Amino acid sequence: MSKPYTRLDKNDVAVLLVDHQAGLLSLVRDIDPDKFKNNVLALADLAAYFKLPTILTTSFEDGPNGPLVPELKAQFPDAPYIARPGQINAWDNEDFVKAIKATGKKQLLIAGVVTEVCVAFPALSALAEGYEVFVVTDASGTFNEITRDAAWDRMSQAGAQLMSWFGVACELHRDWRNDIEGLGTLFSNHIPDYRNLITSYTTLTKAK
Amino acid sequence: MSKPYTRLDKNDVAVLLVDHQAGLLSLVRDIDPDKFKNNVLALADLAAYFKLPTILTTSFEDGPNGPLVPELKAQFPDAPYIARPGQINAWDNEDFVKAIKATGKKQLLIAGVVTEVCVAFPALSALAEGYEVFVVTDASGTFNEITRDAAWDRMSQAGAQLMSWFGVACELHRDWRNDIEGLGTLFSNHIPDYRNLITSYTTLTKAK
Amino acid sequence: MSKPYTRLDKNDVAVLLVDHQAGLLSLVRDIDPDKFKNNVLALADLAAYFKLPTILTTSFEDGPNGPLVPELKAQFPDAPYIARPGQINAWDNEDFVKAIKATGKKQLLIAGVVTEVCVAFPALSALAEGYEVFVVTDASGTFNEITRDAAWDRMSQAGAQLMSWFGVACELHRDWRNDIEGLGTLFSNHIPDYRNLITSYTTLTKAK
Amino acid sequence: MSKPYTRLDKNDVAVLLVDHQAGLLSLVRDIDPDKFKNNVLALADLAAYFKLPTILTTSFEDGPNGPLVPELKAQFPDAPYIARPGQINAWDNEDFVKAIKATGKKQLLIAGVVTEVCVAFPALSALAEGYEVFVVTDASGTFNEITRDAAWDRMSQAGAQLMSWFGVACELHRDWRNDIEGLGTLFSNHIPDYRNLITSYTTLTKAK
Amino acid sequence: MSKPYTRLDKNDVAVLLVDHQAGLLSLVRDIDPDKFKNNVLALADLAAYFKLPTILTTSFEDGPNGPLVPELKAQFPDAPYIARPGQINAWDNEDFVKAIKATGKKQLLIAGVVTEVCVAFPALSALAEGYEVFVVTDASGTFNEITRDAAWDRMSQAGAQLMSWFGVACELHRDWRNDIEGLGTLFSNHIPDYRNLITSYTTLTKAK
Amino acid sequence: MSKPYTRLDKNDVAVLLVDHQAGLLSLVRDIDPDKFKNNVLALADLAAYFKLPTILTTSFEDGPNGPLVPELKAQFPDAPYIARPGQINAWDNEDFVKAIKATGKKQLLIAGVVTEVCVAFPALSALAEGYEVFVVTDASGTFNEITRDAAWDRMSQAGAQLMSWFGVACELHRDWRNDIEGLGTLFSNHIPDYRNLITSYTTLTKAK
Amino acid sequence: MSKPYTRLDKNDVAVLLVDHQAGLLSLVRDIDPDKFKNNVLALADLAAYFKLPTILTTSFEDGPNGPLVPELKAQFPDAPYIARPGQINAWDNEDFVKAIKATGKKQLLIAGVVTEVCVAFPALSALAEGYEVFVVTDASGTFNEITRDAAWDRMSQAGAQLMSWFGVACELHRDWRNDIEGLGTLFSNHIPDYRNLITSYTTLTKAK
Amino acid sequence: MSKPYTRLDKNDVAVLLVDHQAGLLSLVRDIDPDKFKNNVLALADLAAYFKLPTILTTSFEDGPNGPLVPELKAQFPDAPYIARPGQINAWDNEDFVKAIKATGKKQLLIAGVVTEVCVAFPALSALAEGYEVFVVTDASGTFNEITRDAAWDRMSQAGAQLMSWFGVACELHRDWRNDIEGLGTLFSNHIPDYRNLITSYTTLTKAK
């Protein structure tokens, strides 16, 4: 009766980045801002690295919510970009759903701000329509631990799988031999401890 | 086998505020009092804003548990108000259940003090009778994290959905265009970070 | 597909206190010792107050694990007391299971030290034999939060309901009118904040 | 509908130690390093004590990930040792799976670094192939609590049982009388509080 | 050799509110936003209640730092308001120092955002010029606990006294009999637990 | 230039218990209520055990602050009891200071609620008058860690020594041989871990 | 008797970066690695921005401690670089002290890994020789909070001033008008919340 | 007016290990037991490595406090060992003070259980007699953070220097060249992260 193991397949994944906007980011207090910024950019780099179709969406970006974080815009210049005119659940926006369907993918990686709304609502809608949903928990943020834990429980009970950007990268890559340098660079750029390991290793082996 | 996505529908929701009494509030130590007070009043404002039928109930309000928080009484002067003569589980009080049935709603938003008793008991009873139950976790408080986590697990396993007042407001509103100012005011009054965003935005745009 | 609401019924409950021994208590570090001692004694008082058949058991009490906490022995002088000769899972001890069966009860309240062993093992065994199991989480202790969270997950997934002693007392009592003074005394003795409410209330009403 | 109680049976258990490598250990920040080192060595001692077939595997041990922790190599000199050439999910390595099948065991104890990848991936794969999977949570480490909690949820929802090394030892041993001294030594070596109990007890009883 | 007891005297106190601006507030992460907003407004109410001369100052309020929080502007419509053209240490602004000197007070209550800059710099400068400085710690905020603790140490070692708004109110008021209702209202508006005490008390005594 | 070692001398100590009132206790959130209640009663038992002259005082006990905790009244039936008519700093009350002077002691142990007011104010006043002041930190409580840390710093900088009730008991007793059983009982009643040590020890030695 | 206000003067400051080596960084566990990396690079950027003479030193960089973090080497290609042959206290290395003296500066900003050794030892030595010492606390890391707090206390008691990189930047800059864009860029690059403020502000003002 | 830099000199140091007894260790809850055990043994190894005269003392070791931890006894078989007949402050025991004086050292390293009594009392007494006192904070433990922080403040204000075992080792050793292997072994045995660095380094360099 448990959920079966649905494994991420890089040929069947689309990425949804929902409402990572400059104003809304000031609401995120369940993750430290340095770490959160890093996690979001890591997810973006990951999506680019694996060439996953990525869809950007924002809520009211001309108002207090503020514009999409510029790094994301820069990272995905050609991605579908849906500035929603009002729908809170991105899934209620037809263009957003069309863009997803246009990718032809069945597995959705979702991250956004704030977790219990901008992530949870489309995640629940996608599950209801039969998609396999993977929440990138550490690239999603919210007000505090209570709102996060409640949101996680709601999504998990509805069938979503909770992951982290590192777990996603590893599950997509499958085998280091597919590209050691590429994955190593991704990790080096976003995991300081891993970068240090590489620095020490490289220095020592060069010194031979 | 997962729970299906039951989405809040503002036409099918009733709100149950259970035992937010001046004495009992001193028992709440899993949320800081400034934040908790704000969350409870936010839920009340939300219920009023969406014109959701709301039911108030108290336990032994003439004894040490103390009177209902005056702000709630003031907010809902015409709401059914059931001062329970002794039943701990509000659902064991016929008037309370009658009041709920009189609303004709199928979805129940429940919040109260303390979580594992005043919220969990009626939540479990309502689920057993076929209602869709949404616990407003951050407007519900209890002794400590251990009692909270146990209560959440019990309710979630029984089929309740765990939400926060902000998630509830967003799921009910659906589209900002239904009333931008109304929802914005609700958020501005209860989310200091959001209020600051609005202040900065308004000042800048006025300055043009 | 959710767990149905199995409600505690004071006529159908037995209490199992497993290995609250003076030595083992020094292992408990997921709850502060002042609070833990209070919770265990509160559960004992509760069992006595509701006249619930209670079964005591210990593991190797002549060795380093140490003797049963004297207050428990004193509280239940006539209770079945099974000093297990070696079985770690109390359910593997025939006398223990016989004692439970002799009560004729279907609902088991279990608490003990340490949570993932002395509580979880008999809880899982009892569930497997069809009992309704309620874990009194805050009268059970273990090494740290990691071991606790893992143990809770294992028991919850197997069908146990996670509760706290206060929730148990309230669910058993059902209605304050059954005995206001008795329940009030239980709470006053074990919840300092509640005691203060009663002190203030009593002083003020006497002063009239 | 709950998971049935699958009990560890020392005759049907194999242990998988995945990627406890000197470099990767610097990534672990959800458990303090003194405690984590102790937990990993406790699990190793436990596996040796119960003579459980144990399989070691590493990922890229000639690179920055670093060599297997020497104590593990020393503890299991004759164990199958699979230095994976690139597969991130150990289960994708045929030799690894063959080694598991060669043990003829149905129950797998899995621990490793980091939890959401090196533990979760083979755990999910093993579950999908019908194994009973027990995650040794406290001998597994990862970046932070968020990645850990997400990984635990994913594995638990898929059917894995979450345990700790102490719980594993107790469930395998079943009865102290099988070997009091052996189990006592294991605990004394890895639980300082237990060691102190034994020290005090032994001193006092010797003094008689 | 210890600091002597310099006691706040309401006839000799001026209040400096430094850079509580809508943008800068998003930087504050050592205090929860609900609590911090409350503390700042409590200090403002306190200053108004005791009729303390109050000076407002901002840094670059036309830029990203944002405008002064509107509630403060509204509370002190006639207070000196120094929008500094660039000086980071408010004490480097002549108008600011003149405004302080114009009050003729020797004791300065300082609060602001962020603690280690907007509070610490003028606090250190004021101490150097012989003022008695009292930092209102809980109406001052900064990035995290590390920056706060370092700032507190620097100010305390230089002779500042660290207080909270509640302590300040009590030290200024000296005797409840000076105005029971006024002080009670201040506390009721900004300390939820105190408001509850008053609610219960008032209800009970009215009921006589 | 450091503070010299001023050692507690049981012949030269008076104890001041300030405002441990049923209402005010609900404000204490920097220590868990079970632990705080225990600490206050431990200090009371300690004062009685060492026969230290003890002075009780309350603030507005007929109002919302509530009556003195009954256990303290019962413990010191003949102690000077100053119900202050309004002074917030107890030292501003002449009767309180007279009662202290009447003891003829130079060393003052002070505890109370809340720390930054009811403890800090008389502590600072007493230091200013040449008393040696010892703050019993863990029998004093306040709103949160920020207000506590600020209050501790203010008192320490002014020359107060920060202690805990256990440290006080040990410094007063000096040598176990003065009364092993008496001190042991005090510890057994208020330190659960110590009680367990005694239980195990006594059981084992009796068993000889 | 308090420390006088010694204010940072950009014409009299040298920066000492001590042992930020790839291996040693894995020891730092009192600050999250994402945040710590950011803080160290912020301090480096700050030193470059204000053109402060900067001195790099390492301990045993050919051994397990690992090489200096490459970003620091790249940032200061012409800085004195003292690879100490063995001295643990950098001040015991004559070249290091000579390099400091050669700058002719009296104020030293010190940061390093680990705080209680690589920072505290030269800080204490420099104080003993009459330098004004400012510890950049958040660009210094160590094993845990206990070792950090002890190190801070030792340095503060010896006369060091505890600061953060942000406070240092502000105290050096003094007036935004000296270079708005430069300081703004420094903050935007290292304070995500500040970057968001700038993004929202710029977008809005450009939109005019 | 700050404390001058008193530097540890291995020729002038004695080590006092106070009351690290099997029973008392169960009282320590401000440091995790795995870490605390490691710290105490690290300090013992350090004392042995630097051949520092070491003095052991216990309080009532035949009673519930339990025997000295056997590892310490084994480490210092010829050290003065003072089983105090009752004095709580070890300095009140003449033999203890004589043993210290017999070493002829002026610098005292003190560690023990519990911090505010067994460490603080002799530390304060030694300071009063003109010794230079260094508290090894992380090899000293107590009930909780409140009692620890108060004890640290009292000792620091009286002139003690707060250190950690690692800082002590580094300050005593001064220069790695005095004995690279010896110090490296000490660190490898007691700092898991450092051990991992050495493992990776050694493996790589051997591989050349």
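Labels for the chains are A, B, C, D, E, F, G and H, by order of writing; each one numbers its residues from 1.
By our rule, a residue touches a chain if its C-beta (ideal position, glycine included) is under 8 Å from a C-beta of that chain, and two chains touch if they have at least 3 such contacts.
Bear in mind that the values here come from a model prediction, so they are computed numbers and not experimental data.
Engineer: In how few steps can one go from chain D to chain E if every step must land on a touching chain?
Structural biologist: Tracing touching chains, the least step count from chain D to chain E comes to 2.
Engineer: What is the graph distance from chain C to chain E, where chains are linked when they touch?
Structural biologist: 1
Engineer: Residue numbers at the chain C-chain D interface: does the shared fraction exceed half, giving same, or fall under half, giving different?
Structural biologist: Counting shared over all numbers used gives less than one half: different.
Engineer: Taking each chain's centre as the mean of its C-alpha atoms, give the chain farthest from chain B.
Structural biologist: H
Engineer: Suppose each chain is reduced to the average of its Cα coordinates; what separation in Å results between chain A and chain E?
Structural biologist: Distance between chain centres: 41 Å.
Engineer: From the C-alpha centre of chain G to that of chain H, how far is it in Å?
Structural biologist: Chain centroid spacing, chain G to chain H, equals 31 Å.
Engineer: How many angstrom lie between the centres of chain D and chain F, each centre taken as the mean Cα position?
Structural biologist: 48
Engineer: Return the residues of chain D touching two or more other chains; collapse runs of consecutive numbers into ranges.
Structural biologist: In chain D, 1, 3, 23, 26, 32-33, 66, 144, 191, 193, 196-197, 200-201 touch at least two other chains.
Engineer: Can you name the residues of chain A that touch chain G in the complex?
Structural biologist: For this pair, the touching residues of chain A are 22-23, 25-26, 32-38, 62, 66-67, 69-70, 191-193, 195-197, 199-200, 203, 207.
Engineer: Quick check on the complex: what are the chain H residues that touch chain A?
Structural biologist: Those residues of chain H that touch chain A are 197, 200-201, 204-205, 208.
Engineer: Over in the complex, which chain B residues touch chain C? Could you list them?
Structural biologist: Per the stated touch rule, the residues are 1, 3, 23, 26-27, 59-60, 63-66, 85-89, 92, 114, 116-117, 120-121, 124-125, 127-128, 143, 146-147, 149-151, 153-154, 157-159.
Engineer: What part of chain F is in contact with chain H in the complex they form?
Structural biologist: 1-5, 7, 31, 135, 137-138, 152, 156, 161-164, 166-167, 170-171, 173-178, 180, 184, 191, 193-194, 196-198, 200-202
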